[in-house]
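These notes open a run of structures that come right after.
In what comes next, chain A is part of two complexes: it sits with chain B in the first one and with chain C in the second one.
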Partner chain A sequence: MKQKLSAFWAKDGTRSVCASLISILIGMAVGSIIVIIVGLTSKTISSKGAWEGVRLVFAGICSTGRDTVGNLTFGFSPVNLGNTLFRATPLILTGLSVAVAFKTGLFNIGAAGQYLAGTAATLFIALEIPSAVVPAWIIWILAFLGGLLAGAFWGAIPGTLKALLNINEVLTSIMTNWIAANLVTWFFDISNLKNVVEYGKTGYIYKTSFNGVSTPKLGLDKLFPGSQVNAGILIAIVLAVLVYIMMSKTTLGYELKACGANRHAARYAGIRDKRNIVLSMAIAGALSGVAGSLYWLSGNTEFFWSTYQSLPDAGFNGIPVALLAVNNPIAVVFTGIFMSALTVAGQQLKNLTAYNEYITNVITATIVYLSAFYLVIKMWISGRKKRKINKVQTSAVPDSADETQKALLDENARKEGDAQ
Partner chain B sequence: MTFLIQQTLIYAIPLMIVALAGIFAERSGVINLALEGMMIFGAFVGVMFVNLLLKSGAMEAAKQADQWMKLQGFMFLTMLVSAALGSVFSLLLSFACINLRADQTIGGTALNLLAPALVLFLIRIIANQNTLQLTKGDAATWFMVKKTMLGYDKTDKLGFLGDTFINKVYLTTYIVVLLFVILSIILYKTKFGLRLRSCGENPQAADSLGINVIKMRYAGVSISGALAGMGGFVYALTTANCTSNGDVAGFGFLALAVMIFGNWKPLNVAGASLLFGLFKCIAASYSSIDLNGNGVYELANIGLNANFYRLLPYLITLIVLMFTSKKSRAPKAEGIPYDKGAR
Partner chain C sequence: MPDSEYVIEMLHITKEFPGIIANDDITLQLKKGEIHALLGENGAGKSTLMSVLFGLYQPEAGEIRKNGEVVKISDPNDATALHIGMVHQHFQLIDVFTVLDNIILGAETAKLGFLQKDEARKKVSELSERYGLHVDLDAKVEDITVGMQQRVEILKMLYRDNEILIFDEPTAVLTPQEIKELMLIMRNLTKESKSILFISHKLQEIMEVSDRVTVLRKGKYVGTLETKNTTKEELSRMMVGRPVHLVVEKGPAHPADDILTVEHLTVPSKLHKNNAVKDVSFSVRAGEIVCIAGIDGNGQTELVYALTGLEKPSAGKLSLCGQNITSATVRARSKNGMSHIPEDRHKHGLILDYTLEQNLVLQRYWEPGFQNKGFIKFDAVRAYAQKLIAEYDVRSGQGPITKARSMSGGNQQKAIVAREIDKDPELLVAVQPTRGLDVGAIEYIHKKLVEQRDAGKGVLLVSLELDEVMNVSDRILVMYEGEIVGEFDPKKVTVEELGLYMAGAKRDRKESETA
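And then the complex of A and B:
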């Protein structure tokens, strides 16, 4: 049993999970400390308010509001859980996008631009094809594929520049992000998709449900009544599994990983490194494009089109999701849901206390910071375990030695007896 | 023309100083992707400090007494405070990348996420909105140098040069240019600069000659943080009317591009930042640019969409990078954590 346990501890996966959990805990602790410091120094926030803030940081997802006396109540909250799953959909996908690129040794900081490209293509297709002529589900599929292709194209640009001219993909991704932000604004500025029907909606594009196109709920709305959840989360999970299979069970995945490990060695082994780099960025881009696609196809979200001054958070939040999951596609599903739960907690914090939702971004940033020296944490964990195992072994050695001695003595005694 | 030059300088100056910040970090061997975050942090600190000055009443007293030298002194002080705290903020990057040998790209990204989050969190608590403004609305213009301050009358004609470089300018422009020159000389003509650069090229060799690589890299990143923090305040003062909202519109990243485009050399970087300043200026005010002063706004008459001008700086960067990538020569050891045992 002990051996099984120590083997379990020695496994790389276990250590990775532990390191991620430690990162999360430290991140939340840092967030809480900031909440407490701000609470104690601010005149408007009482120490009770600070304590409420800390509780919401850790358990915001279970928050059910305040009771009649004004105390925070916690419990099962279908709205929060459903919204967590809804918001997790784009996070899981951008997380997968960053993870796939990481496996090929590329840092895809351009998920935001790819997400915007997917958004624009999806909204255009979903709103421009009249649902009176074409069935809504066909439009949905077309819009989904459009988003996928647009994202793939936008991701392939930095990929191509990296493969052919060896320009740092971080830099080109940042540039393509801002180009996408301006292009998308330009595109919607001259389009006729601006919402002019509803009062007070200037700057927004029609919801896709205006054209009768929206992702089916598949009964998830019954499970989490009152929330925005839809089948998008299931598609995201299926894609995560597909990416996992592609990366670890196919030749393509093997080639991609080989390029990530050492581009030149892979080339020497006959792998077309340039093609693989472009392909990896295109796949990453497609996943980010789908993230945008699924988010806006939900039918109850509306896109603020004048986006040239800021990039969507969904793109950058893919980075912590992927890092926390150690680039494992299956783990991305869980970390995506965790990050989304954190966002929901931030909303609760904003609605129920004097704090605001940005504290969750601080927590996220802390987690990313910790994942930068992730290896150090992992080594620290394994170092501790090794020491423990050594201790067990050193205490076990004398015991067994005693036993062997005893056995020897017994044997000798027996032999002596035989001789007599 | 005067307008064009002044506007270009407004955008070019923060780019210049922040790109120099990038040079100091990368020449010492640490990729500083966190320039954007450090700028955001510096801008917040600067605006916060000016607000504190306003609160203490010292600034208003100086304004009332027309002591503009004193006001400029306050501004200089704010620059120093931004630089000092920017430097402190950069210690997070140094610690992770130098001591713990973390992945520098991820460390920088973390700081880029952390700075706006922290700043917005604090702004929302302090100001109850998403932008931190000065408590006195027009206080930012108090820092502006006007010709009346230099003893000229309001009606005096200064000529082209005077109008462009003395009237309605910020002293920050000249401080930054001076600083840029001094630091470039330090980087290239002093023992310290040579040692710093050697750590970015071959740290093992530098170490064998008795140079403390860890210390040098700390120095590089700290100078980088100070300059980026100062650049953040300069940006906030000159382009954002001394407000802070957890965003510097991608200037930090643009500075990074300028640095690479300028091939990690100060003189080229200065030229590159002027070029990008020009494009940024065109993007911001193309509809009111009058090239030859005949009252016709040439660029507005072409009839291109505003978004085209806005994406121009980024598109140009991309194209320029495509052409210069072959000649581009990054410091050899940048991005590689220093390992004493490696050969």
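And then the complex of A and C:
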């Protein structure tokens, strides 16, 4: 049993997971300290309020509001859990997008633009095809594929520039991000998809549910009543598994990773490095496109079409999601949910206490930032382990020294035998 | 016990790394004023032992004594304080500094923050005169020859009053003349009662220069011998653990049809405006080893890139086994029967972050045997890797799942050779296949090349080492400034004659076609 445990501990994967968990805990601890400092220095927040803030940072996802006396209550919160999963869907997908690119030696900072490209294509298809003529589920599939392809196309642009002209993909991705933001704004500005029927919804596009198109709930709404969750999260998880299989089990993944690790050696082995660079950016783009697609296809969110001044958070948040998961596609599912849980906790903090949304953002940012200390923590864990082993070995040397000497003598004798 | 006969003793040193015991109870005793050679194959533990002496690693067991007294060396500063100095295989010099600046770097004498270079200059000039180390103190390191750079490294050690000098494979980068000079310098140093540890796997040099020699094998101590009482054959047997043939054994070649024909090949250079390869024509026949000799940088690299498809030629025609491959892809050439042992094993030969087994299937992962509908057959890959590892004796810490990066250079090369030869090619292009390898590995790779020849394959060997050129090849082409300036039969030509062609002092009239 003990041996099994130490073997389990010696695994690289175990250490990675432990390191991630520890860095998350440290991040939350430091976030709590900020909550306390802000609470104690602010006139509107009492020390009780500060303590409530800390509790919400750690357990915001289980928050169920306040009881009649005004104390915070915690418990199973289907709304929070469901919303966490709903918001995790695009984060997981953009996280996958960044992770795939990283694994192939590319930094996809263009997830935001690809997300917007996917958004535009999805909304256009989902709203323009009349559901009176075409069954809604077919429209859903077309809109989903449209988002996927639009994202892939938008990702392939920096990929192509990198492959053919060796222009750094970070530069071109940043530019394609802003091109997407302006193009999408222009596209919706001239479209007839602006919401004109609902009061207070100017600047928004119709929800896809206006056309009767929305992602099925598959019973998840029964599990988490009152939340926005739908089957999108399941699609994201399936895609994560598919990406994992593609990257680690197929020749395609072997080639893509080879190009990332050593482009010269890949060329030497007859791998088409240029095609693969375009391909990995297209795959990364497709995943970000799907992120946008699934978010808006939920049918219960509406898109603010005038995006030319701001890029969607989901695009950039994919970067910490991927980093925290060490680019492991399966781990991305968990880190995506974690990031989304933080957002939900932040909302609780904002709704239930006097902390405003800006300080909430600072706290979540701190947690994410410190979570990225993962590598330091991992080195620390491995180092401690190694020192332990060293100690054991030095104490064991006097006994084994004789044996090695004996073995050496034996070998020498054998050698002499060979010589004669 | 004071007044020991030995200036440095390393007794029963044991150093372990995960999965491998690099030094297993090794004892090395260096007498005052001797040249002591440390001999062993790559991965035998020479570098680890020296790193222990230099304070870079702490041994798990054993002790170090200086003049009979136990000392603790926990970092390189301790080693320096004990007057131990090392000339690394890769020089530790700053290119844009002058020779003098490099020598005094880290041990500058200064008054009020101003360098006292005159004093230093005097001391360095004295040293260089006393030991016959000729250097130009005001030249920048980037402008001087490799041989002179090495003398700078030696002066660095002397300037710090080191008594124990470690030379880590000092001859690997030198020309034959420079090697002779170095040996003279080493003898001068011992006359002045310096003690030298000389790490090498070149037997010739050890026999010439050392007083005693300690042999290591696979991390274990094999023995210490007086050099004058031993022979190269005995040393190589101790080092490799079996008798080694120092001369390549091969029968006469039986060349048949052309495998590779190169016609009027021209390749542009990436470094300058001229062509790197100029109108080169030759052929390689089945059953012969053709060697391209020449000094580094005369177009050999570009020629190979064009042959293997890594670069496009600007003119000319290439055929492999009768098929025109001038504009074929790398993969197509590979499928057509071309294997390539590349010059730079880290840049082209291996994906260092991939495991050994992933690297071993690098040229054939796409074959039906290793994948099914795009899914890698991991069992087949593992089995194949284990087969190659056993057959070609590729040693590594964790077998097939070892990261290529963590393997020794010799074993990395063996892995590449295994991969390229096991593909059963018609033409094997081997570029400096034995660079940086030890006798055992060199013998092995030469044997494999001859085996390929005897199996009726064509072998194109590109080499900078004249010994290799003379020993292995059946036909020699000398390349100078992108052109083939001569063709020779190794049995009928002397090394001196080849040298003249390689240096551009002599050339045959240009032939339109070589048979």
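Basically, the second predicted complex is superposed on the first by the 367 of 420 C-alpha atoms of A that agree within 3 Å, B and C clash if a C-alpha of one lies under 4 Å from a C-alpha of the other, contacts with A are read in each partner's own complex, and residues count from 1 in each chain.
Heads up, the rule we're going with is that contacts are C-beta pairs under 8 Å (C-beta built on N, C-alpha and C of every residue); 3 or more make two chains touch, one makes a residue touch a chain.
Please read all numbers here as calculations on a predicted model, not as lab measurements.
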{"item": "Partner chain(s) touched by A:V333 [first = chain B, second = chain C, both, neither]", "value": "neither"}
{"item": "Chain C versus chain B, contacts on chain A by residue", "value": "B"}
{"item": "Partner chain in contact with A:I109 - chain B first, chain C second, else both or neither", "value": "first"}
{"item": "Which of chain B and chain C A:F316 touches, first, second, both or neither", "value": "first"}
{"item": "Touching partner for A:T176 - first (chain B), second (chain C), both, neither", "value": "first"}
{"item": "Contacts of A:N262 with chain B and chain C, given as first, second, both or neither", "value": "second"}
{"item": "Which superposed partner A:Y358 touches (first chain B, second chain C, both, neither)", "value": "first"}
{"item": "Touched partner set for A:S42, first chain B, second chain C, both or neither", "value": "first"}
{"item": "First (chain B), second (chain C), both or neither touched by A:V368", "value": "first"}
{"item": "Set of chain A residues, in rising order, touched by both chain B and chain C", "value": "none"}
{"item": "Contact footprint of chain B on chain A as seen in their complex", "value": "34, 38, 42, 107, 109, 161, 165-168, 170-172, 174-176, 178-179, 182-183, 185-186, 189-190, 308-310, 316, 319-320, 323, 354-356, 358-359, 361-362, 364-366, 368-369, 371-374, 376"}
{"item": "In the complex with chain A, residue positions of chain C that touch it", "value": "12, 14, 16, 24-25, 60-61, 220-221, 308-310, 329-334, 340, 342, 347-354, 358, 362-363, 365-366, 371, 374-376"}
{"item": "Interface residues, chain A side, partner chain C - complex", "value": "249-252, 254, 257-258, 261-262, 264-272, 390, 393-394, 397, 401, 404-405, 408, 411"}
{"item": "Interfacial residue positions of chain B with respect to chain A in the complex", "value": "33, 92, 96-97, 100-103, 105-107, 109-111, 113-114, 116-118, 120-122, 124-125, 247, 249-250, 253, 256-257, 260, 305, 307-308, 310-311, 314-315, 317-318, 321-322, 325-326"}
